[in-house]
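Down below are the structures I want you to see.
Both complexes shown next keep subunit A, but they swap its partner, so subunit B is in the first and subunit C is in the second.
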Partner chain A sequence: MANDREVLREIWDGKLPICFQLHQEEIMEIQQPDPFYVMVPRLSYFPLVTDKMKRHFLRYISQESADNEMWLDYNGQPLKWHYPIGFLYDLFCGNDPQLPWTLTVHFTKFPENILLRCPNKDIVEAHYMSTVKEADVLKHRGQVMSTMQKKDHNQLWLGLQNDKFDQFWAINRRLMESHGDNEGFKHIPIRMYSDDGICCQRLISPKNNDGSRKIIQQLLSELYPDKPEVKLRTHGILIPLDTPLQWLSEHMSYPDNFLHICMC
Partner chain B sequence: MRRMNCNTITPEEFVYAARDFIELSNKYFDSWTIHQNDNEILNTYIKKEEFVSHRDENDKIFLYRAEYIIFYNLSYGVPSFSFNLWDCSGKLLTLEQVREISLMKISKEDFYSVVTQQEHPVMYRPYFIIHPCHTAKIVSAFRYTSRNLIITFLGLITPLIQLNLPLEYGL
Partner chain C sequence: MEGGDWKNNIISQLQSRNKRETIAFQDIITFQSRLFDNVSTLKNENLQLTLLNERIRYSNTESVLSSGGGVTNERIQALEQKILSQQEELTSMHRRRGESAQQIINLNARAHDLEKNLQAKDIIISENTALIASLRAEIQMYETNMAELQGLNQVLRDEHQALQIAFAAIEDKLRKSQDENRSLVERLIKYKAKDADKMNEENEHFLKSSNPTAFFINTFGRVSFGKKSDKVRKELEEAAREGGSRSSGGSGGSTDDKIMDSLPYYATSLPTKVALRFDAHDGEVNAVKWSPTDRLVATGGADRKVKLWDVSKPGLIENKGTLVGSNAGVMSVDFDATGVYIVGASNDFASRVWTVGDQRLRHTLTGHSGKVMAAKFLGEPTKVITGSHDRTLKIWDLRSRMCTETKFAGSSCNDLVTSDGAGSTIISGHFDKRIRFWDIRTEMSANHIMLQGKVTSLDLSRDSNYLLACVRDDTIQLIDLRMNTIVRSFSHESFKVGCDWSRAAFGPVGRLLAVGAADGAAYVWNTHSGRLEAVLKDHTSAVTAVSWHPQSGLLASVDRGKRAVIWGDL
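So, the complex of A and B:
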């Protein structure tokens, strides 16, 4: 069970200052638009927090581009909206913090070979719910999500979308329970990314073969025996090597119920 | 990797079925190919590329380039079907355009709950992926009777996606 409420709250309240700038090629007015500054929750997704920013820049771009899908880049690298904002920041700026995080806004030349289409927020919700389902398949063979009602699924999504901690955790706590007589999940939903953003998926048990609880150090020597120096970062912090995986999964997972971890 | 469940398969079982399927594909002059990575069994996939045509209500014919990829879904422990379609100018079709040329008359809501665009876990690029949550049921129903699980699996997808499958597979 996710019992360390202070940790959950701290993770939930994590925010990032962002500075959005319209790409030079998009500007159709003589007057240059001001950059747009905003504080966003680390746990959220860009399409959920960029409505105002989009409106701010709309009058500076050409009429034809106004209905196009907006997309973002950092240093020329398109940002994948289907990852939580905090994870994207850790991936690109984890080793070299840059605040506010300056991002470039585009309305043309959508990189369809890199980014998923996101015509509306329903797509974000569908993507989010399918990731939660996948995590539950790993943790409880999908039993928690399939016994929940539609209104519970909605509450989870609305809690995240509207930044309501209590609303979200009232449902999410059920996804963080261990089932049966054993302490812990069947597998830990975890995605570890190298700095090129490539993710390696594995079936990871929260326990060692002898039944003891697995800690990060043991996970690393299991997965990367040839890389003893590798460090892991999530939510802007380096994970202590003696952290038990089960605890990490219960407390440091993103709202999609996956641990998204950058290797550095 | 041990799996106690009878509605999932292991990566090894998937690779075995994939190799067997490729032999059949070659025999029937279908053009599926297998792609393997020596270091990583999870990156094994089979692929087919072809052109498909679609006739709209006004009898106008459109040609598309299609790519189909079947890979092993680690979380669900089942084969997964993914695809992309490009029009003749090389532009990727959107989900709505894919729905319009689907062989099934299916509502937006139903189609979107089955097919979503995702970052492909093996190709690391956007692909349309058929949601795997129903595949587990199919696997448990057919795993001991099916001649080849991938053929059985493909047979269930063809109504949704236009796929040319030689009858010799015995669907």
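So, the complex of A and C:
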């Protein structure tokens, strides 16, 4: 049950200040473009918030590269757009927060072997919906998503896109319900990322072997027995080790119903 | 709702995070984005204003005013544009007005022309109506004329028919009388033959009784003497005299003529006293002729008339009629052998033929180019020959009323005569002192005789052997035609020819001749002896023409003073 509305609200209101700067080599005008500052929601994705910025920077680049796809990088590392923004920030700047987060905008030399292409927003929506369905399969064997109507899916996506808390959580709540008679989900949809960005996704059940709620501590000892001192970060905060997994999954999942946790 | 520190921890962490990340930067960034937008809009505005400014400044470089302030320039420009457009309108209006004025002038001219045309047409119409009226009147007149003419024609036709009938009746009578005559002559011959036989018997008887040689002589020669022969001779004389006073209208008078011709000593009574004296014409009387039948004398004068006078009543002259039609004086008149027609030669270059009975003009013979001096019938009353001052003689055929022949004489003809009944020889006397003889079939004169002076008149004797020529040298020449020589010449110291056309005439037998003189007397000579027989003086002016009556011995003479005188016993 996602009842801790306070928590949900706090998580939802999370925004990051980002400063976009055009890559120096791509500036074709005499005038230097001003850096573009914008507050973006932590839970959103980059392709959804970059329209205005892109328009701003289009004037300063050469005509041929205007049709190319834009990509972002931080400190020379291309940013994967299918990760939520907040998660990317935690991944790259979790230890030493930089505010505002300065990103470089590129229009040329798209790194084909690192990034996926994102021509329009429908791709983002498709990716998001597939992630939600994956999570639902893990949690409820896919029953909730399959019983939902198309308009509920649209509402879910629109709520996320337009930053509407109530609209989003009206539908998401059903996804956070327990599966069947059990208390909690069948499995916990969770992704663990190490420092160098390698993802690990395991089948984790919220219950211990003895039927009690699992807490993080137990998860860690289960997954990484050889790293006792590891800390988990998500949404920009460190998670206390005695947090139950079920509660964590209900409240601290990203909108795509996955827990993205960075290990530091 | 699970409690636990972990939850509070999380919540506090989230709150601090939010405070740190979000709230701190939210305002700044929104402010920045607002400024950003402002800057971009201001930049756009600036750009547009610059463009506008450029445009205004560019348009302002043409106008005089170059004050700053784009707003005033705009107003001025607008005003200027208005002025320009108004000026253009004005010029176009002026042009239109000029064109309208031109149009008006053209239309005026056209209207004027149309009016003139209309007037002309009106005049033509009125003229035409007048013409139509006049033509209609003419038509009317012609119709009435035609009706009249048709009436006249009808009348003439009726007359003609009546005349035809009369003519047929007369022809019948003629035939009958001819038959009678023939039968009478036959009877006479029979009687004569009987008498001759009787005479022969007597002679035979006488001779037998007296002298046988004289009997032989008498059987060869027909000398008639003795009592019976005297009786016969007296009878013959009576018969001859009677025959003379009978009208010799071409009906069997041949025997009488023969008898008369064979008695050259037929006593012609010499006219000595005036029988009648009368005024014939209003001017000169130029010609006089007796009619061969009844006691009619015709006179032609300078008053253009030919007058007929009847002397049958003793002591009284009666004007039988006047033949008109001549346009100038009549120079000579001639009756035809029957006395039915009379031809008058006139100074109007033409001769005219009238019928004596009804005094109607029958023919007008025009063609001469000079005065016609003489006109004579040529044998039968269908041929006329005329001689004129245009030096030609013309022969006319009265049936076709055309001149059938023209003879060029070379000199003006004063008189002409025709010899014998058929008229095969023509003798003409000319101005050039010649007498020319013509054969009717040739063009040239066959012969000519030269005289001493102009020939004023000619006359032929009854036996066509002697020709009498009155010559202007105051002589009368007698010419023998068989020998073509002058036989005798008559003259007298007091005889002067009166005028160029003074006419002389043989007596009815040929023994006497008479001529008029300039002193108003008529001189009569004996042709055989040449002795002047008588001088008949009664006229007061020159005698122009004389004429003997063919039977009775009456002499008619006319003078230049309108007077005509008949001499003799009536």
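By definition in this document, the second predicted complex is superposed on the first by the 264 of 264 C-alpha atoms of A that agree within 3 Å, B and C clash if a C-alpha of one lies under 4 Å from a C-alpha of the other, contacts with A are read in each partner's own complex, and residues count from 1 in each chain.
The rule is short, and it goes like this: contacts are C-beta pairs under 8 Å (C-beta built on N, C-alpha and C of every residue); 3 or more make two chains touch, one makes a residue touch a chain.
If you're wondering where the values come from, they're calculated on a predicted model, not measured in any experiment.
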| item | value |
| --- | --- |
| Touched partner set for A:K133, first subunit B, second subunit C, both or neither | first |
| Touched partner set for A:E112, first subunit B, second subunit C, both or neither | first |
| Contacts of A:D242 with subunit B and subunit C, given as first, second, both or neither | second |
| Contacts of A:R141 with subunit B and subunit C, given as first, second, both or neither | first |
| Between subunit B and subunit C, more extensive residue contact with subunit A | C |
| Contacts of A:K231 with subunit B and subunit C, given as first, second, both or neither | neither |
| First (subunit B), second (subunit C), both or neither touched by A:K121 | neither |
| Subunit A - residues contacting subunit C, complex | 3-4, 6-7, 10-11, 13-17, 34, 36-39, 56, 97, 99-100, 235-244, 247, 252 |
| Residues of subunit A defined as touching subunit B within the complex | 80, 82, 112-117, 126-127, 130, 133-134, 137-138, 141-142, 189, 198-199, 201-203 |
| Footprint of subunit A on subunit C - complex, ascending | 1-2, 4-7, 9-11, 13-15, 17-18, 20-22, 24-26, 28-30, 32-33, 36 |
| Touching residues (chain side subunit B, partner subunit A) in the complex | 1, 5, 42, 74-76, 91-92, 94-95, 112-113, 116-119, 121, 124-126, 131, 133 |
